[in-house]
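Chain IDs A, B, C and D follow the sequence of writing; residue 1 opens each chain.
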Amino acid sequence: MNIDDQIALQLFQKMLLIRLFEEKVIAYYPEQEMKTPVHLCIGQEAIAAGVCAHLQPTDTIFSTHRNHGHCLAKGLDIKKLLAEFYGKKTGCSGGRGGSMHPADPTCGILGTSAIVGGGIPLAVGAAWASSMQGKNEVSVAFFGDGASEEGTFHESLNFAALKNIPVIFVCENNSYATASPFASRQPLTVSIADKANGYGMPGVRIDGNDVLEVYRVAGEAMTRARQGQGPTLIEAETFRWMAHVGPVDDTKTGHRPAPELAAWRNKCPVQRLQQLLLNKGIINSNQEEKLRHEIDTDLEAAISYAKQAAAPTKEDLLNHVYAD
Amino acid sequence: MPWTTPSIKTFTPVATANEATHRQRTYREAIAEGLHDLLAKDPSVFIMGEGVDDASGVFGTTLGLVDTFGKDRIVDTPIAENGITGIAMGAAIKGMRPIFIHMRPDFLLISLDQLLNHAAKWSYMSNGQVPVPLTIRCIIGRGWGSAAQHSQSIQALLTHLPGLKVVMPATAYDAKGLLVAAVRDNNPVVIMEHRWLYDNPGYVPAELYEVPIGKALVCKKGQHLTIVATSMMVHEAMRAAEELKKANIEAEVLDMRSIKPWDKECVVTSVKKTGRLIIADTGHRYGGVAAEVAAEIAERCWDSLKAPIRRITMPECPVPAAASLEELYYPNYKDIIRTAQGLLP
Amino acid sequence: MNIDDQIALQLFQKMLLIRLFEEKVIAYYPEQEMKTPVHLCIGQEAIAAGVCAHLQPTDTIFSTHRNHGHCLAKGLDIKKLLAEFYGKKTGCSGGRGGSMHPADPTCGILGTSAIVGGGIPLAVGAAWASSMQGKNEVSVAFFGDGASEEGTFHESLNFAALKNIPVIFVCENNSYATASPFASRQPLTVSIADKANGYGMPGVRIDGNDVLEVYRVAGEAMTRARQGQGPTLIEAETFRWMAHVGPVDDTKTGHRPAPELAAWRNKCPVQRLQQLLLNKGIINSNQEEKLRHEIDTDLEAAISYAKQAAAPTKEDLLNHVYAD
Amino acid sequence: MPWTTPSIKTFTPVATANEATHRQRTYREAIAEGLHDLLAKDPSVFIMGEGVDDASGVFGTTLGLVDTFGKDRIVDTPIAENGITGIAMGAAIKGMRPIFIHMRPDFLLISLDQLLNHAAKWSYMSNGQVPVPLTIRCIIGRGWGSAAQHSQSIQALLTHLPGLKVVMPATAYDAKGLLVAAVRDNNPVVIMEHRWLYDNPGYVPAELYEVPIGKALVCKKGQHLTIVATSMMVHEAMRAAEELKKANIEAEVLDMRSIKPWDKECVVTSVKKTGRLIIADTGHRYGGVAAEVAAEIAERCWDSLKAPIRRITMPECPVPAAASLEELYYPNYKDIIRTAQGLLP
């Protein structure tokens, strides 16, 4: 297999993991044991996979309320993540964070904010620290279209451009913030990527459902960052399939128009790459079946693990308010 | 979503007990009706906030308003709490009466500069020439792992500096009456609602009545101790009082209603009678509302107090996600009962 | 006199008033009776004059810590303003605001914030209210280059563009925020006016020391706003002659390079228009002398008034915390 | 500028009285020296903030540092308090120890989301995996008409929610020692300095010593009443104590030093002895530091208190500009004396 094919296969594996992980959450959520608000990223997997494929464990990412995909793509263990959703001591945040606040420094996840726009400056600061420390590391800020309306977006881009910081701003534009459409929040005459010009920074708008394009464009941004050429803003157009929060279809509840979702379902990023891999003979359908099965087995094991793990108790409540 | 259907035992406040058989509405409906009628009556009133016109309608409180009043008066906004607060305030000082809605109080932390350095100080700095008739609504979240950034009850941060008014309705009656009072007030008023009270029914008159800002409510009379409570803790206090009654302890339960300004006279009168005080607040302890009430009443009722004043608040840590920890985190009627028993001979 | 000449003369009168007002503050400040931190705008008068010449009393302005020029240009009475500096009851803010917080609704000054970037959203909101009320009023946000770094700048521009609000954003770029040069705060590859593009809004960079250019460009922006064509961002390049705060020359204290100031002193906006008026014969030097004298007399009278006015007392301390 | 040279009567704290003849430095110099030596010793320490490298050098505390350590470690920043706080925090969690300086606490209101929703909660939310070794310095302004947006002392807003540490040095010794402790602490620590103390001299050792965060200081011993004070109010309290001494009243004066966490034991011990307590804080009253201390001590010292606890704070209005109003606004030693006399038989 040539290197491009290998990469494509790895991207597929990551996207599939994310998709199946989210579907597993949907399957088990009705049991009401996962007591945490879940913001599913089905439909948006290509961005997490394509961007994180370029990252080392020492590179950092900062995500949002909608972080499952980013965390999995960055290497967070599914057991740790699911145990967190189940509020367990062995969860990646000891059960204190729930689905909105995963942390795992061993794979470069230095905590997650669910305040819209809150994580963007953290990514700038972490990348700045890396360059002050003379390390060749980058940091990625993942955020939604809604977050680009917060002042922190502007402040972060200005500072990153000013100081030439090795950070990549990845805006997942899924056209909605909760059920509020883009047109209610930003002028339609300009894109989010256009805003990069105001900081003298490259801004690229891409098809966020095309993982190979994401991979390519993110790669260029990483190269620029690692070579000291500063930050890049990537706006990746995509769509979320499920409701803003919870395992439901919100076109049925009147939050979004059903035809819009239907159109985007036809642009499924996982399906798209799978078709390509099959067409090119990089995998065959048996292998694909097997891969799905393996992932499913792992996920089932992780669910069992998470369910059986011990919950934090009274002794845990008050510790770590302050670090030692 | 399971977490949208919490349940809490409710009660009927003394003051409205006679009308308890009359017109019943839930806390949610009371707000919705108040908003509708305020909009219908006064063209300077309008609503703004993230998703105020969507199919969830801010937990059902703004549902349908956009159909009646249109997109110019029910304004969906970008996500930019500080700037939008300033914009709302700018509209307020130019003659409008905006109601700016946040889904959670937690997000107000982004807008504290506009709230505290601007809105709260504007009347004073301008020598009373420029009032700020701005209403902010936000709804306290709790439970289902909402965790540290989506469960806070930050009234103390809003009350410390002078200039804002802060109210916390505990009943359907107050949810509407305090909303009407807030919108008609010429000052910035923050209404902190509680998500767990939304399904509670209660007596709600049809007209646009006001619950006066600055006045507390005696929910239950009693002579052995006073329990001053805020928001959801009023219900915990009432439940505690019921249980205590079985042991022949008569607690007087006061609903603070208005956190700032607050009704010192009402609390002083009660404590002068009972000699004992527990304050149960939904917020944190350090410098919280309970601290203020405790410090003030300890001074004013020095001669009457027969036991130390006790505070019941959230513990000294951020809100954890795990259900096992949430359970330990939030104080409830049992804590009030235990504390009350400790105070009595 | 034709209309253009009349306007030029009025602009000159306004600029001269501002200049002489500030010089009067400098003259009396050492007495230490004006107990308020003064942020003088000498060198920047053309922007206030050129913009406010288009405004009615019902139009509103929102200024900053450096507000004297804007307030005078908008018609705030010099007696009221000086009494405010002297902390008197008859000051425009009853002595509570000092030089940083003038307010006078009768001339469209609905209060002033000295929080950098704090006034920008207020201007948007006031203009929005006007349009909701069906009035043909505009609002102007004056702010410095430093303020364009705050999140409120971004949030305000986005909202104003989205809702097509009749507001004019006037950034006085004097290259410094306190003693911090522009290059320490923003990437040099882009201007502040450039940022307007990111919101689909016209952004114009002009010579802020050329009052006729300011007048012309501001006029276009006003016309757009009043005709329902939405907001404009104007970046006016200028320079302040005095220290950030206080009546001193801060090139002598090492805060800024002396040659830079010297170069800008040669571009004095008042001098420039005066020369033009003299050359064109719109005024002669006698008339100019007389005008200066009249203004000076008024200012002296205002100073005396302010000094003699009554100070607020204990009864005043606690009132108006809440409006009635 | 005249307002840059306020003057205040100073004192020598008991604990360092013996060394009072030793090495003297002003509060300003103590900070400058602390910053310099921390930078020299630890490459992960750096300074950032608006104008930190300019010719004023943050009221003289950072002067010359840029010449020694360069622009990469003494970083002038844009004006964007919330974003830059997040950036500082991002650097902190990636192994740096930033010292972010604000000229005034008032500007922190813009950054409360990053401070309170992020920095303060990060260790807890991440189960202790991601500490935030971030130091914030800010300098309380006062006087010369600085008015409502440039004179605030907002410690209570920083202490209410769990997760931050807050210290307020009242002496040159503490200015350096608390700075060193803050920078070495693995938590976000806000240092609130007071501009009026900058010229005060005091004993300052040359080495990089730490004043422990969480410990109070007994400035003067006494048996008749306890005065707990913060920042500049410590000096007012000492002056009041001197005057009271003339009337044979011996006040015990405690400098809180650390506002959060605070030294309950020290205050309890003192109040158990004296039975009377005044708290004098530079901040506001409602839910302020004085409220917390009053509420807590009233509970803990119930059996020892011989008189009500009194709070001395700023009045319930924003800070006015006029000199005549400023004069009335700020409480001073006279208020402490009057209050003390009212408490004693």
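Here, a residue touches a chain if its C-beta (ideal position, glycine included) is under 8 Å from a C-beta of that chain, and two chains touch if they have at least 3 such contacts.
In this text the structure is predicted, and so the values were computed from the model without any measurement.
Listed by label, the chains touching subunit A and subunit D alike are B, C.
Across the assembly, the mean Cα position most removed from that of subunit B is the one of C.
If each chain is reduced to the centroid of its CA atoms, subunit A and subunit B end up 36 Å from each other.
Spacing of subunit A relative to subunit C, judged by their CA centroids, is 46 angstrom. Subunit B and subunit D, compared by their mean Cα positions, are separated by 32 Å.
Our note on geometry: subunit B versus subunit C, Cα centroid distance of 41 Å, whole angstroms. Shown for subunit B are the residues in touch with two or more other chains, namely 77-78, 80, 82-83, 106, 110, 113, 117, 124-125, 147-149, 162-163, 316-318, 320. Residues of subunit C in contact with at least two other chains: 93, 95-97, 101, 113, 115, 118, 149-152, 154-155, 158, 162, 185-186, 321. By the touch criterion given at the top, residues 149-155, 158, 161-162, 185-187, 189-190, 194-195, 197-201 of subunit C touch subunit A in their complex. Of all the residues in subunit D, the ones that touch subunit A in their complex are 46, 72, 77-78, 80, 82-96, 113-114, 117-118, 122-132, 162-163, 165, 186-187. Contact residues on subunit A toward subunit D in their complex (touch as defined above): 60, 62, 93-97, 101, 103-105, 110-111, 113, 115, 118, 120-130, 132-133, 139, 151-152, 154-156, 158-159, 162, 319-324.
Note for the complex: subunit A touches subunit B at residues 32, 35-37, 84, 87-88, 91, 93, 95-101, 113-118, 146-147, 149-151, 177-180, 184-186, 245-246, 248, 250, 253-255, 311-314, 316-318, 321.
Residues 1-3, 50-51, 54-56, 76-83, 106-107, 110, 143-150, 315-318, 320-325, 328-329 of subunit B touch subunit A in their complex.
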